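Each of the two complexes below includes subunit A, the first together with subunit B, the second together with subunit C.
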Partner chain A sequence: MGSYIAKRLLRSVLTLVIILTIVFILVRQMPLEGYFPNFEKMTPEQIKNGLHSMGLDQPLPVQLYHFFRDLITKGDLGTSRIYRQNVPVAEILAPKIPVSVRLGTMSLIVSLLLGLPMGTLMAKYKGKFFDHFGTGVIVLIEAVPAAVYYLFIQFYGTEALGIGMTMLGDKDFNNWQYWILPVLSMSLGNIAYYAMWLRRYMVDESTKDYVLLARIKGAGEGRIMFRHIFRNAFVPMVQYIPTSFLNTVIGSIYIESLYSIPGMGGLLVDVIKKQDNAMVQAIVLLFACVGVIGLLLGDLMMVALDPRISLAKKGGDK
Partner chain B sequence: MALLKHPRVDAAEQRATEALKRELSEQELFSVAPFDEAETERTGAESYSYWRSTLRAFRHNRVAMFLLSLLVIIVLFTFIQPLLPGQFDPNLANNTVNAKGQTVPMKNTPPDSVHWLGTNNIGQDLWARLWAGTRNSLFIGIAVALIEALVGIVMGVLWGYVRKLDFFFTELYNVLDNIPTTIVLILVSFILRPGMGTLIFAMSVTGWIGMARFVRNQVLIIRDRDYNVASRTLGTATWRIILRNLLPYLVSVIMLRMALSIPGAIGSEVFITYIGLGLPSDVPSLGKLITEGRKLLTSPSKRYQLIYPTIVLSVVTVSFYIIGNAFSDAADPRNHL
Partner chain C sequence: MSKNILSVRNLHVKFVLRGRELHALRGINLDVRDGESIAIVGESGSGKSVLNKNFIGLLDQNGFIPEGEIRYYGMGDKLRHYPGAGSDDNGSYIDLTAFKKKEDWLRIRGSEICMIPQDPMTSLNPLKTIGWQISEALLLHKGMRGKMAYEETIRILEDVRIDDPRRRYKQYPHELSGGMRQRVVIAIAIACSPRILICDEPTTALDVTIQAQVLSLLHDLKERYHLTIIFITHDLGVVANIADRVAVMYAGDIVELGLVDEIFFDPRHPYTWALLSSLPQLGMRGEELYAIRGTPPNLFKEVQGDAFAARNPRALEIDKRELPPYFEVSPTHYARTWLLDPRAPKMDPPAVIQKLKELGKEETHHG
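Take a look at the complex of A and B:
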């Protein structure tokens, strides 16, 4: 197990390096004029000097080498050039990370609290009204693009709650009312996802022999549902939870800009448009880290819950 | 005990019994059947056609059939609409003469008999824009789904069938799967020239790997089954094994994935337009209409400008979703009884 995790971590680091390299190269393809706000008025000389001061005139491999050298030896992600001039990237990101994590965690809790009971009830009343009703809701959430229902939640939600459209600026940050709508918007997709899969797994489990045995022993339906079926159906679900947490944090790009939440998601769009290379790289690195850790955690949680599964034997086939 | 029998099997048996009763009279049921040599040679498989059964199962699903016809009508209409009389160019900013006799743009006029859905804030006809936008969005969605399916299937078959490539593809998958698609989408559409091609490329550049992985897993499972080993020993060409023995198994799930990636791509277009990186300004799309409409959400009298594109978008995406699911159910041979 220990050696498996070590191997897995090594692979993860390798993956991160490749992702960073790809993004680094992509970012370097951005148009030159984007780096200078007054490009048309500049002489070729000025442009050359400007590029030199940013280190952009060096060959790509050299730039890449410098980036990784600074990152590994000094833990330095570079300094922001445009978003906030000459401020280290780490300093800009530090206060934003907790905001995104807070939003992500809240939405994870809400989706588990609503999604799991919904899936369980749908499986329990399979083919009855609640099942059909739930399926309808899930189809709607899955099929209507998130971009659209976010808008409607924002619009009708703010009217219903009687709060203004602009929200979660600094002054409203700790007012819980302002968190309801963004958290709800972010949770809907996951609620549908958890409910759909839990129902499916529970229905699959319910025809198995151990359920029949439990019934023969005289266990009550409620007990069979929660103590027997739910536990087994939950194991494959566990694997997705860290990944879905990651997707929530990344998917927050849209929500954070809708509600002007000072988190990471809205920031990414902003810095890509401003061509602030160091910031883009840092945020992508952060997202990729969360992704890799999420996959690893998911596998480990599954092993912890189900003693029949052994990761070491499969050799990271997953 | 009833529990031991799968409900679907039970229902099928009941149906068969009922059919027997309908076709044969009581007398025929209990009389000795004559021996017919030709009849004994007949096999059940002869009359079974996979595609015919799939279509029959699909036609039984009334909701899916209704949505399919609706979708076909919408697609046809996006092409017919510009040919109808009294239509406007979706990009033409219409002008009007105001009370003082000056020519001014028709800003946000409400729907009337000339402009059926009114005009937007620079005087473009919203009815024309709605259908041109639907056409473009559908085109993006279908193109992305086709590219993903084509590249995904080819790569997936290679990945699963050519053992030497397995390591390469697996590592590639591990990397690509960890890059958030949203980031690729934003970066690519920012770096390349804005346009339909760019958007389609940005969406399918990472999307194919999911399809490839699915195809690969299935190929691995089916590749060494006895009938394929037998086929190989008989000297069947590899491409024939892949086309005739492997891919038909995957049709249902491939169709489902395609049907789901169409609304996905249309939704991505809405998102990328919202953050300001979408199509050029002379190409209308549902994303553009929704982004423009969103700005009017606060003034109730102009809210209809958002409502119509949203309705079309929702109808299209929900239809693809339900049709995809219905077709994948129908394409599953276990449902052909």
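Take a look at the complex of A and C:
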């Protein structure tokens, strides 16, 4: 188990290096004009100096070497040149990360708390009213473009709660009421997703022989549903949860800008447009880390829940 | 003769399939005696499993019982307030066909009538330990928890002859072989401490040596726990080994019923003849193995007369028109065939069956 995780982590690091290298090379293919807001008016000398100060005049392999050297030895993600002039990237991101994580975590909790019971109840009342009703809701959420219901929720939700459309300053930021609508908007997709898959897996499981044996044993329907079917159905679901959490964090771009939440959401697009290479690399690294950790967590959760899956290789054991 | 524990009276079961009705059980009558082991034999689709599913309320959703009763005597008058309660000369009973709610069945399932399902490989919950699954039965029916449940589970594991029970307790189903899983399933059934144990083809999924072990285990458990066992099987070898009585089913009806020796050595119904003739053990080397020609009747249509008549080369004219009653061969042996009517022409059973008769005589002489 321990050695598996070690190997797995090593592979993850390798993945991160490859992702970073690709992004590093890609952002350096952008036109030079993009680095300077007043490119037309600059003399070749000024451009040359500008590039030199950003280290862009060196050969690509050298730049790459410097980047990784600084990252590994000093943990230095580089310095923003354009987004905020000469401020270390870490300093810019530090206050934004907790905001996005907070939003993502709250949305994950809400999604699980609503999605799992919804899926369970739909499976329990399969073919009855609640099942049809739930299916309708899921189809609605999946079919309507998110942007449409985001706006709908913001518009009518803020009116119903009697709060402002967006967060203005720390006072709103620390008022829990302002978090309800963004969290709800972010959760809807996941609620539908969890409910849909859990229902499907539970319905699959309910026809299995071990459920028949539980019934023969004299276990009541509630016990069969929760003690036997739920956990079996949850195993195939669990590996998707970290990934969906990641998607939520990344997908928060729109929500964060809708409600003016000072998170990382819109930042990536912004810095790509502004060609702030250091910022792009740092944010991509962050997202890639979350992705890699998410996948690892998904696998570990599977192992924890299903005794048939073993990560440590045992010789001759099937 | 011991008392009845279960009495099936004129039981009909129908299934609705795509708007049509399939008449799966056509008036079954069967008394199951307390403490006996009875085998129900018949080919696939003859209704053996459907019959037994009625006893634990697990008939498929599209099935229903238009007519008939299943009287269960095992609970005395404990359920006298239930709608199906009553009493006859055999004692107080509860009519299982009168159960309407799923919860009603919880009084019966497990603690009164339990079943060992066909396939042990898939019948255990893959995510729970063996111990947990057996203790669950103890919790449900005896309210046992903790240390007490643990010790009882270990004792039951020993009873089903599982080595090193304390280690097995913590193991998961995938760590056990097929034969062991079957023992665990049996252990779960035992933990429920039922009066009647239905074994649905208990050995088909196992290889031959394990089959013998499991059968002898069931035989021992029957004595130790005073079980009444109903075997559903199409393996006549199993029947000969373990059953006291045999009911032969064909097309949703019991065509012959008798003690195991009566059925094997003195069968009377042409279907039983055909069934025994097709046993490979009785075939002659070099001769083609006997097979029953034709197919069972279509149960979407009402069957006229004896259901087996169409496949029976010796069928009488009346077989095709009128359902024969049960003729008594001996106080324990009944067969539903017009051949037993005094007016019927004398007809000798096939050669193989006559040979069986000889064998039977020898056995009684020696035995």
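Details
Methods note: the second predicted complex is superposed on the first by the 309 of 318 C-alpha atoms of A that agree within 3 Å, B and C clash if a C-alpha of one lies under 4 Å from a C-alpha of the other, contacts with A are read in each partner's own complex, and residues count from 1 in each chain.
Just so it is clear, a contact is a pair of C-beta atoms (placed from the backbone, for glycine too) under 8 Å apart; a residue touches a chain by one contact, two chains touch by 3 or more.
Fair warning: this is a prediction, and the values are worked out from it, not measured in the lab.
Contacts of A:143 after superposition: subunit B is touched, whereas subunit C is not reached. Contacts of A:268 after superposition on the shared chain: subunit B is touched, whereas subunit C is not.
Judged by the touch definition given at the top, the superposed model places A:232 against subunit C, while subunit B stays out of reach. In the superposition on chain A, contact is made by A:292 with subunit B only, not with subunit C. In the superposition on chain A, A:212 makes contact with both subunit B and subunit C. Legend: residue contacts after superposition of the two complexes on their common chain; A:305 is shown touching subunit C, with no touch to subunit B.
Between subunit B and subunit C, B touches the greater number of residues of subunit A. Once chain A of one complex is fitted onto chain A of the other, the partner contacts of A:26 are limited to subunit B, with no touch recorded for subunit C.
Shared contact residues on subunit A (touching subunit B in one structure, subunit C in the other): 212, 215.
Within the complex formed with subunit A, the subunit B residues making contact are 3-4, 6, 174-175, 178-180, 182-183, 186-188, 190-191, 263, 266-267, 270-271, 274-277, 287, 290, 294, 297-298, 306, 310, 313-314, 317-318, 320-322. Remark: subunit C residues 56, 58, 102-103, 106, 109-111, 114-115, 117, 119, 122-128, 136-137, 140-141, 172, 174, 185, 188-189, 192 touch subunit A in the complex. The touching residues of subunit A, when paired with subunit C in their complex, are 208-210, 212-221, 227-228, 231-232, 235, 305-308. Residues of subunit A touching subunit B in their complex: 11, 15-16, 18-19, 22-23, 26-27, 29-31, 139-140, 142-148, 151-152, 155, 165, 207, 212, 215, 250-251, 253-254, 257, 268-269, 272-273, 280, 284, 287-288, 291-292, 295.
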